[in-house]
Amino acid sequence: MTPSVSGSGVTVQTVTPDTAIPWRIRLKDPYFWANWTVVAAFIVFFALFVALEPGNFLTAFNVNSILTAAAVPAILTLGQAFVIMTAGIDLSNAAVLTLGAVSFGLGFANGYPLVVCMLMAIVAGLIAGLINGILVAIFKIADFIVTLGMLSLAGGVALVISDARPVQVIDPFLARMAINSIWVVPILMIIALVLLVIAQFVLTQTRFGTYVLATGGDSGVARAMGVNIKKIKISVYAISGTLAGVAAILTVARIGSAEPAVNTTFLLNSVAAVVLGGVSLFGGRGNMIGPFVGAILLMMIVNGLTVAGVPQYYQYIAVGVIIFLSAILVRNAK
Amino acid sequence: MTMMSRDYTVPPPPAQPSIEARNIDKAFGSVQALKDVSMWALPGEVTAIIGDNGAGKSTLIKIIAGVETADGGEVLLDGQQVNFTKPESARQAGIETVYQTLGLVEDLTIWQNLFLNREIVRNWGITRTLNKSAMRSQATEMLDDLDVYIPSVKARVRGLSGGQRQAVAIARAAGWSSRVVIMDEPTAALGVRETAKVEALIGRLRDKGLAIIVISHNFDQVLRVSDQVWAMRQGRVMAGLRAAETSGDELVALITGAVAGATTVRNEEGLVD
Amino acid sequence: MRHLRSRHVGALAVLASGALVLAACGGSSDDNGGGGDAKPLSEIKVAGVVKGLDNPFFITIKDGMEAAAAEYGIQLTVEAAPGLNDETGQANKLDTLAGQGFDCFVVIPISSNNLTQGLGKISQQGIPIVNIDSPVDPAGLEAAGGKINAFVGTDNTAAGAKGGAVMKEVLGEDATVGLVAGLAGNVTSNERIDGFQEGAAGMTFDGPINADWDTTKALDAANAMLASNPDISGFFAANDQMAQGIAQAVEQAGRSDIRVMGVDGIEAILADIAAGKVYGSVSQYPYVMGLLGVEACIVAAQGGTVPEFVESPAVVITPDNVDKAIADFPLPPEAYENPFATLIQR
């Protein structure tokens, strides 16, 4: 359509629909950069490590190790991303994972079939998530406090259920799931990828996804437009809890037992990965792919530094520095 | 020069109003926000409500839009009495509001904002997915219809100027409204050029046959843009005048009380003092 | 916005060069195949995976490992998880090292199971594994297709029992002892506590309360126990760092009559025993464990056979022998058995 000038000095212009936004314009959109900075960083570090340790880094074995290590963090990151997009935060996911693992162990120790044990883990996560969501959405308690409380509560309940003793879980199916791979991609990571596809679909192709972003972007406006804010908030926390339950199953498979200790590294990495992935802590924007890649990136960095022989203590510093720099980069993309 | 007090008895509406308020009372605690307020707005006209702070303009608007409920009196839509208990009901009846804070989510795109909570979906049985291409093209149509210049409906609201955002908010209200569009201080935050554009947009809306209700502090604007003006003071309607038959000075006098207005009257039902 | 792209490229370059500098701090490792009989010492590469390097016990194990490596001239890499309870992190480390061409692994798993899968993969490559200090669960390992060549360690239960016996001797059977355990559910902690109670059978026990191996948490736990039970005349902690916290609590409460005992034998606790703040510690000579572990690995990497179970020395250090213990640190004040030294071919 050609532009035309009407009497009041306003021009009319139609935009060709859908895909025709030229790449030039896309590259200038700060949102594009926020989301894809992490992919760029991933490529840079990947290239770096390959260059440093060509024989050792880019082996099938090593890539497999990285992907295995990244599966559980990636799943937790997906849940955390949903919550952070509503301008909330879930500090309890690591503890809910433990709760899920211990629930699994309880079932296993009682001889229940594997499927039942898995359901127990997932339901435990779901319930914890629902409690979080209800307290935040209906009782209007700050998300920080609610999930911090759940961190303690879930950890404590896990100790009570397990009597602070781990339950050994030896099961051929779980062992196969944890060890086997397709080409270099471990089954654990394939599970995570399937969840990623579902999460990204839900975020971008369903109304729920739009409402999640609207709730985070401006909950007052969203509510005024008739979006059910309460339902959205409860849902995202429930999703985070459920995913923690799924992650629990994978963790039990990987380390061969249901352990009652909470691993707070999972929590910290999930938040870091979400921020690295371009999701604003203030909510309202982002996608699922960025955080997922961020989770893998964090594991790849630790692996790469180990392979390169960087002393342990410098590894901590390196990871911290990288998170700072990436956060600054992402922040500048406004 | 003293103002001649003239007869502010309000004549009945010359045609069936889109929206009419009759004898509305509303109190918040011990504060009487609205006292026996009656007014009307015709389709295809711009109706302005003016008044000082605390005059009750916002409260009246909220009652019409279903955000508040009146303690007494009635609201009629196209002559039928309605009782809105929540904003959603008013919206479904065709009444849309553009608030001062605009009600746009900055991080979402224009088309996402236009369709928020009214998304077009494709039904797959177990799930419903967004029909983005349909929404985008309809969004473009909605804006084109009102001669609003936006380069792409895929742009995020965050990157738009104040006037453009206002235009989007108005387009959204107009796009979904079938009868009444209410605007609370639509150009209060805009510069001269953008104000002109928004006023032109309001004019186009009116030409489509909607009843536009505008709250404004800018009397020049009121006289420029509106057809009917309701002056309020301390919870009462002082006068309802045709814009062509009044002046800025008179409006000021009415809302400040320098001139005694009429209490609202309904000729057909008998005089109410 | 125009400069967005160049700014990004610039920042990424900074990132990249920063990481490059950091990576250059470490050396790069040669890729050397394993196997072969009587491999020359200089070509042997041993990997150690310990529990955590923020704890003096494990740092001392690392010291012992490095001493052995230095003595025999082999290459040694020691890695740990970021924290004492990061089981997955430790498993990740092991997985990473498993593919790097090491000739033998020395491992201390955080739990009896968390390294099992990685160890299975290592065994399947024919690489020998030496397990020290905390045992890997044998059933789980077998199911994963793994095999431990040798275990070097102290029976934690026996260690606890030794401590219990000493406490009973010092305080008598009628006394009450407060028990402070490590991370909830941890096998090592459970065994030490259980062992202590066996060795001190007949005494009354309060707790155990979990203090997560942490000095401050142990201090708080001790205060709580003292407040609820002023009759306590002794404390036993599952590790020395917690014992130090308890000793502080006892001192602040002005209860110099209370006897505090720990397990580990770290250097700091020896000083505390000499100063009278702590009564005793069951020292497990982490230095020796590390030493023996690496030596066992060298033997195995050279194709030799190692004895399956080697007990590393555990001695209760009290004011009676603390001076000699300090003098001999990190080695025990008594002689110990080393079955590996003779097996190593130079």
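In this document, chain identifiers A, B and C correspond to the written order of the chains, with residue numbering beginning at 1 in each.
Quick note on the criterion: a residue touches a chain if its C-beta (ideal position, glycine included) is under 8 Å from a C-beta of that chain, and two chains touch if they have at least 3 such contacts.
Predicted model, so just to flag it, every value in this text is computed and none were measured.
Taking the mean of each chain's C-alpha atoms, the chain whose centre lies closest to the overall C-alpha mean is A.
Contact analysis places A-C first among chain pairs (by count of C-beta pairs in contact). If you average the Cα atoms of chain A and of chain C, the two centres end up 33 Å apart. Taking the mean of the C-alpha atoms as each chain's centre, chain B and chain C sit 74 Å apart. In this assembly, the C-alpha centroid of chain A lies 44 Å from the C-alpha centroid of chain B.
Those residues of chain A that touch chain C in the shared complex are 27-28, 30, 33, 37, 40-41, 44-45, 48-49, 52-53, 55-56, 59, 61-62, 65-66, 68-69, 72, 159, 162, 164-166, 168, 170, 175, 178-179, 251, 254-257, 259-266, 299, 301-314, 316-318, 321-322, 325-326, 328-329, 332-333. Those residues of chain A that touch chain B in the complex are listed here as 6, 8, 10-15, 17-18, 21, 31, 204-207, 210-211, 213-214, 216-218, 220-222, 224-227, 280, 284-285. On the side of chain B, the complex with chain A involves touching residues 87-88, 91, 99, 101-108, 112, 116-117, 119, 121, 127-130, 132-133, 136-137, 140, 144, 147-149, 151-154, 156, 197, 200. Residue ranges on chain C touching chain A, taken from their complex, read 1-2, 4-5, 7-8, 11-12, 14-16, 18-20, 22-23, 25-29, 31, 53, 77-80, 82-83, 85-89, 91-93, 95-101, 111-114, 116-117, 120-121, 137, 139-140, 143-144, 183-187, 190, 210.
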